[in-house]
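Some structures are shown below for you to check.
Look at the two complexes coming up: subunit A is in both, with subunit B in one and subunit C in the other.
This part shows the complex of A and B:
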C-alpha cells in the first residue's frame, strides 16, 4: 500500500493502480481538449495498457488512448 | 389525457459566469452578423475561446462585441484565473455526474468488463502487434483469394456471353462487323469490365474493414500501431488508410477523412499510394514469373517492403520540408467497448463505399479505356485503316515511342514497355493487358465465337457463378497456407513470355533481368491510377494532386534508375 503525497504524471503510474486527477499542466488548447474528453480534476483513472507510445486509460466507463506527452501533462495522486 | 413531457432540468453555470453569458447573449442577439446561431450558445463558445467563432468576431469588426467579450473575460479572470474554459467544461461534467449519481447504482470498484479482459490480450505491449498482423493477413487472404473467383467470373461473363449478345444485337440492326462493334466490345465493354473487376475485391475488403470497425477492434489496432506509425511521421489514426492502401489507393484516400488535422490528411494521402495496391499484383506476377520464376514470391515480397520503406523515407522528408510549421495533432482516441457487429450496418458500409467508388472511378476508367482504344484504332503512317491498324502503326505506338527516351536510362526504353506504363496510369492491371495486346497483336483476345443460344449462355453464367462460389468457399476454408504462386493459375503463354524477354533484353543491351527489376520498381512507385488522382484531387485539391503525381513519378524514376544503373555499375547478374 503506497500513497503518494505529491502528484506525479499519469505516465509513471503502475498498470492497474487507481489514481485521482489533480491538475493538467499543458497549453490552454490541450488542457481544454482533455477536459472536454472528461479529464476533469477529481476524476478517478487507471492505466490499462501501454503500446510503447501511448497509454490506454480507463476513465469511468470510457476507455481512452492518449499519447505519452499527453499523459505527462496529467498530474495525478495514486490512490492505493 | 395525459401528456408526458421531457423533464426540464435547466443547467446553469455559477452566478459570475451566468451574468457574463446573459450580457453577451443580449448583445449577440442584437448583432446582425451573429444571429445565425442561438445567442446563449454563442456566448458560451466565445467565453470558452472557440477559435473559429473568435475569428468570425474579429473579421466582423464589430468593436462593441469585441470590447464586451474582452471585458467579460477580464471580470471572470479575476474570479477563476486563466482557466475559464476548463471551469466551464468542468461545470457541465459535474452536472451530468450529479444526475448520474442519483439515477444509477453501481459497485464502488467496477469489475473488469469483458472488453477489458479482451484488451488485456489484444492491446498487450508485445502480443498486440503480432495479433494485429495475423488479423491483417486474414483480411488480405479474404480480399485476394475469396474475391478472385468472382473477378474471374465477371471477366468470363463480360468477354463471353455479354460480348456475344452485344455483337449479335449489332448484327441484328445491321451495324455489326465494323469499327462501332469493336469500339463497344474492346473499348466500352473492356472499360466496364475494368471497373467491375474492382467490385468483388472492394466488397470483400469493405466487409472485412466494416467487421473490424464495428466490432471495436479497429480502434485497438490504431492504439497498437501508433508506435509503428510514428516512423512515418503520423500516428495511430493514420494506420487505417495505409492498410486500406494495400487493397486499393482510392478508398484509402477517402479513408483519410477520419483524421483530425489537414496536415495529417494530406501527409497520409501522399504516402498511401506507396502501399502496393492489389491491382499491381498481376504485373508483379507476370514479370517475375517470366524473369525470376524460382524467386517470384521473394521478389514480390521485396517489392511490398520497398513500397513501405519508400513511404517511411518520403514521410520523413515531407515532415522536414513541407510540414515543418505544423506539428502533428496529439494522438487521442476513444476505444469503444467490443460489440457484435450488426449485419445491416456491415452491409450498408460495404454498399455505400463500393458504390461510391464505382460512381467516382467508373467514369474515369471508362473514359480512359475508350481513349486508349481510339489511340490504338487510329493509324499513323502505314497503310492501315481506322480500327484495323497493326498495333505498331497506331497512334498509340507513336505516342509510346515519344515517351521512350524518358525510360531509356532505366533499361526499359522500348515502346511496348513505355506504352504499357502509360496505359498503366488508367489502372495497374491494364499494364498486363497492354503488354499482351502489343506483343501478341491482341490474338489472345480472340474468343471462341461459336454460336451459343441465349439459354446456353445463361446456363454458362449461372454455372460459372456456382463454380466461383465453390472456389471462394474452398479458399475460405484453406486460408491457412499461403502460396503466392497460386495467384498464377494460368501459365503465361510462351509467346508472350519470349516476346517480353526479348523486348527488355534489347532495350537494356542484354541486361533483361535488371531492366525487369527496374520496371517492377517503377510500377510499384509511380501513380497507381487516374482514379487515385481523381480521389486525391477531390479530397486535397488540384495542387496536392499535382504534388502527388509529379512526386511519385520522380521517385519512381529515380528508384528505377538506381536499380538499373546501380546494378550495371556493380556488375550484378540476375538471378544471383
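This part shows the complex of A and C:
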C-alpha cells in the first residue's frame, strides 16, 4: 500500500479516498477529545461528505461530523 | 432493605437501550434527569425474586465529561454509586469502546462487560475470546446479540450471580466493622 510522502490535513482529502491518521495537531484538550472519539493515530478513515462547513467522516462503523477546524487538526496519509 | 440499582453504561449506539428494553420490558419509567433536558430511563427487573432498578445512562465516550450526557453518566456512576454497572460494548468496535471500560474500572465500581453486536462482529470475521477478555480486564464478560434477543438470559444470570456475591461481601464488611 502506497502512502503520500507528507501527511496532509484531513480537510484536503478527496471524498471516498481512504486515509490513515498520522497525528493530531491541536491543543492537548482537543487532541484528547478526538482520541476519545476514536481518532487514534494508525486508524483508517475516509471522507463521506462535505457540508461546506463540516466533513462527514467514516471511522470504522462510526460516522462523525467534524467542523473544518477539527479536520484541519487531523494529519493523515492518503492510501491508495 | 435498600434498593438494588444497576446502571447501563457505554458509548452511544452500542445497544444500551435495546438491552434495557429487553431487561425491563414494559416496566419502565421515562423522566428527566433533575434540572437537565436529558431523558432518564429507569425500569424494573425481577432477578431471583428481588426487584432490581435498571437505569439506562446516556451514551458516553469518556468519563472526562465534555457533554451534558457524559456529565450525567459520570455523576451517576461516581456519586450515585450503583450496585453494579453493566458496561455495554460494541464487539465490532471494541478498541474505542474499551477506553470507557478502562475509565469505569478505575472508578472501582463493580463492573460487568456486556459484549453486544457479536453477530455483526462475526459477520466481519471478528472473533472475540471472552475468557481472555475477562481474564485481562478482571471482570465477567457476557456475549450478546441484543437486537436478536440473544444472550439476554445469560446476561441476567451473570447479573444475578454478581449481585448475590456483592451483597454477601457487603454483609461481611458490615459484620467486620
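Basically, the second predicted complex is superposed on the first by the 77 of 80 C-alpha atoms of A that agree within 3 Å, B and C clash if a C-alpha of one lies under 4 Å from a C-alpha of the other, contacts with A are read in each partner's own complex, and residues count from 1 in each chain.
Following the convention adopted for this analysis, contacts are C-beta pairs under 8 Å (C-beta built on N, C-alpha and C of every residue); 3 or more make two chains touch, one makes a residue touch a chain.
Just so we're clear, the structure is a prediction, and the values are computed from it rather than from any experiment.
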Touched partner set for A:77, first subunit B, second subunit C, both or neither: neither
Which of subunit B and subunit C A:62 touches, first, second, both or neither: both
Winner by number of subunit A residues touched, once subunit B and subunit C are compared: B
First (subunit B), second (subunit C), both or neither touched by A:24: first
Partner chain in contact with A:38 - subunit B first, subunit C second, else both or neither: both
Which of subunit B and subunit C A:50 touches, first, second, both or neither: first
Doubly contacted residues of subunit A, that is, touched by subunit B and again by subunit C: 32-33, 36-38, 40, 61-62
Residues of subunit C defined as touching subunit A within the complex: 13, 61-62, 64, 66, 90, 92-93, 95-96, 99, 120
Interface residues, subunit A side, partner subunit C - complex: 32-33, 36-38, 40, 60-62
Residue numbers on subunit A that touch subunit B, as the complex places them: 24, 28, 30-33, 35-38, 40-41, 48-54, 56, 58, 61-67, 69-70
Parts of subunit B lying in touch with subunit A, wherever the complex brings them together: 48-49, 82-83, 85-86, 89-90, 93-94, 110, 115-116, 119-120, 123-125, 128, 219, 222-224, 226-227, 230, 235-236, 330-337
